């Protein structure tokens, strides 16, 4: 029924989208794996990064791929500051409070963007925005192909940092055993902030990779973040490999179901998978369910 | 009996004061403001039962608000049902949705962040369905026909609406106060404090949570039904949008979670803040929510027990009482 | 010979690669105090969790009051009369002492007033009636242990599982608690206690089971157990019994 000529491009496109989803999910799962919090502000921060990338082009004339080198450290610093000076202190260490604080942040960021930039949807008009490259029977949009390669590079870079750098080792120590790490002299608040910063930095990269082919408005980030949440829950909270593989998988599923179901229903599909994943995942309670 | 009367007294006083407002002013602006604030107080009281007393923080109470609103509206518009039974059915529908979501979420053992996430997801699914389903008018929304008779639950003047929403809020206050004094309430609070300890004491924690969810949903749904009658227009974004999920939790958190008056206090304060913002900085979209989000963060950071908690602290400070009375002040 | 109130029958519990409980069996006769002792990590609390319904055993059955209760959830077992305290106390921190105990009392008393009255009565039996209005978070360690005990008693249990209820108490507090526990047993409640405080085990328990590495390695009257070389070895290490005997010569 569906020929390879239709399926293969759908799958390839799915992989490309999936790569960006994976990057967003990576930030989320990193934050969860180390801080054990679900960052409800992730979507709003992505939106903010997308706006930043957009205006970096509009006002500074920076190509998004170049802007990435500016925005990534900037958003790293923003994430660091948010965790160190807002979320950490405000939450008093209680899980429930962290939920509410990140939710509050999300509301503030999203609506600040709405207030300043209005609800208009904007899109960048780049010279290469519609270029395609040919892979087998498929024509892949150039920005998406670049995004795919870039995500692999970023994932690799993150892996190297986590594996070999002192910071990475400290992060892994805190993730595994916070009290022990603290007793060993690691500044946990600093590590938490670094991790949050890394998560936000991932968003900055993702934003720059998305902007050439995607629109931006104050709720743009939310669509991606829902998918990211789904990936993280499916792939395992805190698992980097899970985020990557899950991301690619979800990208392909979305692309294929989009062929059959159309866009709105596709969205519902993702939500339903998300709900099912949440309901069926083994419970995180102490002991088994009797 | 005497204790019962005493505990209802503050509610009666507050209600009497509020009921007297139409006698003092005929300003539509004031009445509009109060109607909306009371609506939020009602919706917030629903959230408060599950979130404040039960400790289960839902980020998707829009699911119940929207269901109440849509059921009320659609029954009238498409099936010619009279407004009053439509209102009641809207509440039942909300409770039913609460039962379903509660059963799914709690039997899977979801707590904390995961519970918040799943409620968020359910609300979003409903929103998307409502935005494309023909029965809700899809993108265009649903318009309730103007029919200014009391039989159709519509009125020329704002005052009857005001009194109705006030009555609904009153019922919700009494309901919560009553729950506080029953076994169900004691079990609910135990579940919030320590679920495993509660189970060891014979509490069927899953059933208690589902029950709280249903009651919470019913109260919030009543707010949705009222919204449909008062504003006469709803669409997917209004009925099931994140805005109402956020308002639902903001009012109780600001006012004081787990207290009877928290949502009312919080709603009045937050809405006043919103109005003040509009006066000072104009009516641009987004600004009020920026303020609300900031308030949420600030309250959680500096006054986690909300206004009610601050008042209790002030009272304690003023009294400088010995340890025994401290515990008393905690339960004012 | 009547069936004991509680019979744990060849129960095992595996957590992934770890065998926490290994074919453990023991009986608790009605109306008596039975003690479960053994070094840390021996699986005692895991056994309690299994009996009380918080965990399902990987193998084996639990019989209580003539019926197989394996796998029933905690709240149902509480309704059948099994109460447990937790090794790390779990008070309802935001509630007062009275409200804490009342949650338990509510199992048999629907009315708030009656539950609070029953709570007050229970509080009197553990000497907490002077602190009913105090927030649970403000109690001392000894107070919290008593609260833990009172809450469990409030559900009017037939079987009471005490998990190190004396841990963290100083000698005089222990001396105060022992008669309380004895009085509970005298009222007909069957008690199984996990304990490290040996003086209490000696004076309270009628029968002792020793667990080490998940297995029951000895059982008998308290005095006999204390002298059993296998028990000494379990606590002090391989060869310790012999060294002690050699040192005694």
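Observations on the structure shown:
Each chain carries a letter (A, B and C) given by its place in the written order, and its residues are counted from 1.
In this section, a residue touches a chain if its C-beta (ideal position, glycine included) is under 8 Å from a C-beta of that chain, and two chains touch if they have at least 3 such contacts.
All values reported here derive from a predicted model rather than from experimental measurement.
On a Cα centroid basis, the chain most remote from subunit A in this structure is C. Distance from each chain's C-alpha mean to the overall C-alpha mean is smallest for B.
By number of C-beta pairs in contact, the leading pair of chains is A-B. Rounded to whole angstrom units, the spacing between the C-alpha centres of subunit A and subunit C is 48. Averaging Cα coordinates per chain places subunit B and subunit C 43 Å apart. A separation of 33 Å divides the Cα centre of subunit A from that of subunit B.
Those residues of subunit A in touch with two or more other chains are numbered 286. In subunit C, 54, 73-74 are the positions where the chain touches two or more neighbouring chains simultaneously.
Multi-chain contact residues of subunit B, defined as those touching 2 or more other chains: 196. Residue ranges of subunit B in contact with subunit A, taken from their complex: 55, 57, 59, 104-105, 108-114, 116-118, 121-122, 124-125, 128-129, 131-132, 196, 246, 249, 253, 284-290, 292-297, 300-301, 304.
Those residues of subunit B lying in contact with subunit C across their complex are 181-183, 186-187, 189-190, 192-194, 196-205, 323-324, 327-328, 330-331.
Subunit C contributes residues 52, 54, 73-75, 78-79, 83-84, 86, 90-96, 99, 102-104, 106-107, 110-112, 115, 133-135, 138, 151-152, 154-155 to its touches with subunit B in the complex.
Residues 37-38, 40, 86, 89-92, 95-97, 99-101, 103-116, 118-119, 218, 226, 229, 233, 264-265, 267-268, 271-272, 274-275, 278-281, 283-286, 289 of subunit A are the ones that touch subunit B when the two sit in their complex.
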